[in-house]
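In what follows, chain A forms one complex with chain B and a second complex with chain C.
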Partner chain A sequence: MTKTATIMIDDQTYQVPDGINLVDAAKLHGITIPVFCYHPKMESVGMCRMCLVELGSISVNRDTGEPDLNDDGSPVVRWFPKLQTACTQTVRDGTVVRTSTAQVLEARDNILEFILTSHPLDCPICDKGGECPLQNLTMAYGPGRSNFIYDDKLHLDKHVPLGELIYLDRERCIQCARCTRFCDELVGDDVLAFHERGRSLQIVTISDPPFDTKFSGNTTDICPVGALTTADFRFGARPWELDEVPTICPHCPVGCNLSASTRIDRDFGGKKMIKRIMPRQNELVNEIWTCDKGRFGHHHSRAADRLQHPMMRQGGEWVKIDWATAYHQIASKLKKYADSAGFLAGPTLSNEDLWELRQLAELTGDTPRLGVWPAAMTGAGVVAQVGIGVNTRLQDVGPETAILVIASDLEEEAPIWWLQIKQAADRGAAVVVANARETKLDRVTHTVVHYDYGDAVAVLNSFAARARSRRKTSKALLDNRVDGYDDLAAGLKGTRVPFADAADVLLDAENVIVFAGAEGLTLDQHRELMQAAANLLIITGHVGRQNNGLVPVWPGANVQGALDIGFSPETTASLIDEPPAMWFIGGADPAADDSQAAHVLANAEFVVVGAQFMTATAAQADIILPRQSFAEREGTYTNGMRRVQRFYAAQGPVGDALPDWTIYAQIGARLKGPKPPVSAAAVMRAITQHVPRYAGMGYSSLAHVEAQFPDVGGDDLYYGGTAYANHGGLGVQWATDAEDDSARLVVRPAQIEKPEKSGDLCIVPVRLLYDRGPLFEPSDIMHQRVPEPYLELNSQDAAHLSIADGDRVMVTAGEIQIETAARVNGHAPEGVVLWPRRLAHGPAPALFSACSVQKIEE
Partner chain B sequence: MLAEKHADRINKIFAKYPDKRSGVMDLLYLAQEEYGWLTEDALREVADLVDIDPTQAHSIAGFYTMFSEKPKGKYWLQVCTDLPCALRGADTFYRELCAYLGVEDGGTTDDGLFTVEQVMCLAACDRAPMMQCNFHFHEHLTIEAAKELIEKLRVQAQPETQEDGGA
Partner chain C sequence: MNLINGFATTIKHLLERPVTVQYPEQERAVRERFKGRHALKRYDNGLEKCIGCSLCAAACPADAIWVEAAENTDEERYSPGERYAKTYEINMLRCIFCGYCEDACPTEAIVLEHKYRLSFHDRRDAIYTKERLLDPPPAGAPDTPWVTEPGTFDRAIPIMQDPD
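And then the complex of A and B:
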């Protein structure tokens, strides 16, 4: 229980959590103290003076501890002689505050008049107009007229680019420092700052590239005026014309809750169109933030080159066909190839799509081959046992918790988790970062483990061994619920512990969370990594509880859902090794990601591809099915923390494209399958009946919302900025075995399989947030942030090859030959060429493929 | 480059502080001394030395009036026109000074010798009007005294300018 304090606000007595901010305390009881600079997610600075109140405390007799009383029996209050800023006060027993006396009202009036002296009042052309805290507070508390002369206003620059994504309007800025503090305090990218002082003060950035952070868009939400606006939305629409539709980001496993601001728009043929993407509050997921990929990466849904009609290849030409023909053709091919069909699901298929794809596949045989793409990570069983505890809130994690991030460059792979871990570190959480190279997360901690690629599993095994030798194992769990411990213990005996300090950081914490990626790991190694992580968590008892357990950094938004519904990366691997005659691919582009897959597809007899664009894989198809993007349809995604979340149809249709589940069900109906379901909700109902973990979910429970703190997006837009209130649902997180006291937990020795490194230099592909993948490339606004194709070399290797930073080089890996730029910046380990995925179009080399790099002489 | 040319001084600066970033003011000052004013390149150089984002160096340089991010004349005349000084006639003094030099507020004379500027309190309010010339205080000023100083500086600068011109 948190301690409570008894305080008085406007002569009423209230109970509030002890020590919280006074503005928040008042807010909890529905009392508004207006603010500009204060933000509940940031430290208070007391810069704007908008929150002035009368403040006092109940006078207590030092000897008796009893309150001193006036003659009439009321407590004596010692008032501060002057008004105080509420945002810089924390509450304790006896705090007394008056928020609406004549003196307070006059102060607010004065502050607003003062702020407005140099404000341009160009609300009619301001993007913030209509949802602007300064407008709202001026209407509520401000003066109707000014003592200052309008013509004397100071005029400042209006279209100052802070990089290509965010624009500054200098004269609208009220100098609250929310934007700079967001960058500084919350993100740790010190790329925005005040320059000069007083009237000349302005927000500047000279980082390279300007405003160099992956979270820049959030500053436009929390800016309490229209001083910061996005290039994406500037002058795009007025807020009151917009219809907010809840959606989920399709780009990474965090599953940020977003709000698509839509309106019927001429630019989209008179159809409903997404004008901007805003974060939608879900304190259990993304809080009120989103990364710039999620915010600006929605243009793929309206890209001009989206596939609009089903097409069939005839004599080397693409011929437009109608849906009925497509269904019929595919059904007959599935009948023909029933014994040899393979199904591959991409990372943006919704659970409903996956379910119907599985139903379709099962019509071809009892044990259809269901693969998931990318097939880089596995461990569905392990996650079902020890996935992160239900109701974990990363924002609450503090000194009692240790977080291990292994084999992942988290800022690139799951930016909001990176941000939350960075903030957890600031609150005192112990962070251990383990990877074969330096990543940006290294800077939040002193405990960094740099292993050799191939040693990730060994590192985790050594941590488990250390847990045993230090007797940090959980007896209760091992005695009652764990199978396989003797074997594991035997295997761990004698294991060397090269990173004992890092191990101890984890072993000495009350809670442990492990984020596991797959950088530099083959699928087989990754299976062992997940097991090794589970072993560590189980034997130390860090499972089945809030703020404990495993989070896989899946390579996509709904990989978790695909695994839940029965698709597996192992099947994908077998499909590539022993290819089927017919491929049925939905929303995946294996041909672009993997040269072996490309090769296999080229030799297949019949290929059906559901796609949004003419990808490398679609180009190999015999029939192409145009699928709808996340914007036009509804569905659910399951994020990396197993939270099943709904998204809603936000945008008008494109061509004849359909949701994948409809397409699959229609084909199924032509194979004597059941009548197609009438809605995505109906598909979800079927899922809940057949997938035990999803039992009891359903579209209405997923849409359930509860009051959240801070209270944003209501009448009090000024409070948390323009993050949108959640009306679409907080989602439901399914519970793991560890949470069920009667379930057994299984450990087994995790095998260390060293990769066979061939040659002096070998390739390790790495993930970048900003790449040229088909769902991101159409966002032109982001092009300057996507690097030109490059590879990274170790300085020693580069020296041997006489290659300098920035040189053009030719890489040869097997049959693949690519010209690209070399970076030599000290991040790549010796003997390794880091290869960012999806920067270049064309075939990609596989993990650990031997390569040679040659400088191209100018 | 500062790092090569002033390695010793830089090391001494770093030795004074528990962490590198605390040395930023000293290094900006050093850069200004070296280059005459703080160019964007100079800001980046300093930021790199103390391991902060160049934006932060820019911000610091912008906050303090004793750092300049614009080219300056050989003599940098900073006149305090804050309220206490203004009450003793500093604003009139400043206007007259500008007129004498033939420049606008904040301007530099055509010969590149003098830059004038108004600044906030320099803690010599009781001796106003006052100004600092390349960080040296001149107090109890009258416009005549200022003219005298300016002419003296002109003479002082002359041989150098000629040499410069000839070089």
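And then the complex of A and C:
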């Protein structure tokens, strides 16, 4: 229980948590203290003085400790002689404020008049107009007219690009420093700053390339005026004309809650289209933030080259067919190939799609082969045991918690988690970053472990061994609930502990969270990594509680859902090793990722591909099924923290495309399957009945919302910004075995067999946030941020090959040969060539395949 | 008696000049403040006044107006400042000629004028597009879009005067 303080606001007594900010304390009880520069997610600076209040404290008799009383029995209040800024005060017992006296109202009026001296009265053309804190507070507290002379207004530049994504209107800026503080303090990217002083004070970008952060869009939400606007939305509509549709980002495992601002548009055939994407508050997931990929990467949903009709290959030509023909053809093929069909689900298939795909597959045989793509990470069983505790809030994590991030470049793979961990580190959480190379997260901590590629499992094993030797194991858990500990203990005996400091950071913390990626790991190794992480968490007792447990950094938005519904990466591997005669692929593009998969598909007898675009995989299909994007349909995704979240139909339909679940159910109906369900909700109902962990996840429970703090949207724009209040549901997180006291937990020794590296130089593919994947490439607005294809070399290796940073090189790895740029920037370990996936079109070579790099002389 | 009164009235009116006019051959002048079909106005130099702010649409009680805005550039400029109306439509079957749009407009771009001949053979013809609403450029002024010098038209709303 946190301590409470008794305070008085406007002559009423309230209980609030001791030591919190006065503005927040008032807000908790629905009392408005208007602010511009203060933001509940940031430290206060007291720059705008909008929050002036009368402040005092109850005078206490020093001898008795009792409050002094006036003659009428009311407590004596010692008032500050002048108004004070509420945002710079923390509350304690006896704090007294008055927020609406004549003096306070006059001060607000004066401050607003002052702020407006050079404000341009641009409201009619300002993107913020209609949801602008300055507009609202002026209407509520401002003067009806100004004493200042219009002719004296300063006229400043209006269309100043801060990079290609965000525009600054210098006249509108009220110099509250929310944007600069967001970048400096919350994100830690040195990209925006104030320049000059006094009336020349202006926001400038100080990075090259300009405004170089993955979170730039958030500044436009918290800017209390229309000084910062996005290039994406600019003049797209007025805020009151937009219809806000709750949605979920389809790009990464964080599963940010977003709001699609939609409006019908002549250019989109008079259908509803997404005009902009805004964050939607979910304090358990993305708080009020989103990364720029989620915000600006929505254009794929209405890209001109989206597949519009089912198509069939006839003699090397694509022929348009109708759905009935497509269903019929596929059904007869499935009947023909029955047991030798393989099913592959992509990372953006919703749970409903996955379920119907499984139903369809089960009509073809009793044990259908259900694979998931990308097949880079595994560990469904481990997550079911020791996944992160229900209701973990990363934003509450502080000094009592240690966070280990292993084998992941988190900023590129799950940016919002990166942001939250960075802030946790600022609050004192101990962060351990373990990877074979430097990543951006290294900056937030002193505890960095750089192992050799292939040693990730060994590192975790050594941590577990250290836990044993330091007797940091949890006896209660080991004695009562854990199977296999003796084997594990035997296996750990004599393990060397090369990074003892890092191990101790984890072992000495009260809570431990592990984020595990798969960089530089084969699928088999990754299974061991997940087990090793589980071993560490289980024997130290860091499971089954809030702020403890394992978070897999899955390679996609709904990989967790696919595993939950019975798809597995091991099956994918077996599908590639022993290929089926017929492939049924939904929303996956293996041919673009993996040359072996491309090869296997080319030799298959019949390939059905559900896709949004003519991807490399679709190009190999015999029948193409146009699937709807996340924008046009409903569904649910399960994020990396196992939270099942709903998204809603935001955009009008494109061509004949249908949601995947409908397609699969229709084909199933032609295979003597049940009648197709009528809605996504009905599919989810079936899931709740058959998948035990999803039992409580009907659409109405997923749509449940609760009041969240801080208040955003609505009347409180001035406070939290224009992130949207959550009306679509907070989602439901399923509980792990560890949370059920009667469930057994299993540990086993994790094998540390290293895969063979071949040759002097070998390739490690890595993931980038901004790539040329089919769902991101159509967002032209982001093109400047997607680097030209490159690979990274170690300086030693580069020196041997006489390659300098920026040289053009020819890389040969097996059959793959590609010309690209070389970067020599100190990130790649010796002997390793880092190969960012999906920058160039065409598959990346397999992990650790040997390569040769040659400089191309100009 | 009543009968005589009644006939007297009839006879009196029989002898008066009729007030009916032979519309459509003949058109009657309307009052200065008559609110008829809208027009989108231009500045004297020919630039469009409308900045695509949608305030008229917001004010319209009949939801008759549809505005889609876009950004001016110096290579393709329709109005002063950054924003112009890419699409501007009024559905005359919905409009109740209340003039709220005119009141709401910050640039006096939309004005209800004196034209009142509004009949259509097709429902779609009742939707007046920007091309139909926009006044032609004043004599000698070039039609929009313009190519302009950077920095010449950077303000959407003409710089205000002190209201006193």
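Here is the rule we go by: the second predicted complex is superposed on the first by the 857 of 858 C-alpha atoms of A that agree within 3 Å, B and C clash if a C-alpha of one lies under 4 Å from a C-alpha of the other, contacts with A are read in each partner's own complex, and residues count from 1 in each chain.
FYI, a residue touches a chain if its C-beta (ideal position, glycine included) is under 8 Å from a C-beta of that chain, and two chains touch if they have at least 3 such contacts.
Predicted model, so just to flag it, every value in this text is computed and none were measured.
Novice: With the two structures laid over each other on chain A, which partner does A:His159 touch: chain B (first), chain C (second), both, or neither?
Specialist: After superposing on A, A:His159 lies in contact with chain C but is clear of chain B.
Novice: Tell me which partner A:Glu196 touches in the superposition: chain B (first), chain C (second), both or neither.
Specialist: first
Novice: With both structures superposed, pick whichever of chain B and chain C touches the larger number of chain A residues.
Specialist: Counting residues of chain A touched by each partner, the higher count goes to C.
Novice: After lining up the shared chain so the two structures overlap, which partner does A:Asp109 touch, if you call chain B first and chain C second: first, second, both or neither?
Specialist: Touch partners of A:Asp109: none, neither chain B nor chain C.
Novice: In the superposed arrangement, does A:Tyr150 touch chain B (first), chain C (second), both or neither?
Specialist: In the superposition, A:Tyr150 contacts chain C only.
Novice: Contact-wise, after the overlay, does A:Ile206 reach chain B, chain C, both or neither (first, second, both, neither)?
Specialist: After superposing on A, A:Ile206 lies in contact with chain B but is clear of chain C.
Novice: Contact residues on chain B for chain A in the complex?
Specialist: 40, 43-44, 52-56, 58-59, 62-63
Novice: Okay, in this complex, where on chain C does chain A touch?
Specialist: 51-55, 57-58, 68-71, 81-83, 87, 106-107, 154-157, 159-163
Novice: Report the residues of chain A in contact with chain C in the complex, numbered from low to high.
Specialist: 121-122, 124-125, 129, 145, 149-151, 155, 158-159, 234-238, 240-241, 265-267
Novice: Hey, which residues of chain A end up touching chain B in the complex?
Specialist: 189-197, 204-208, 212
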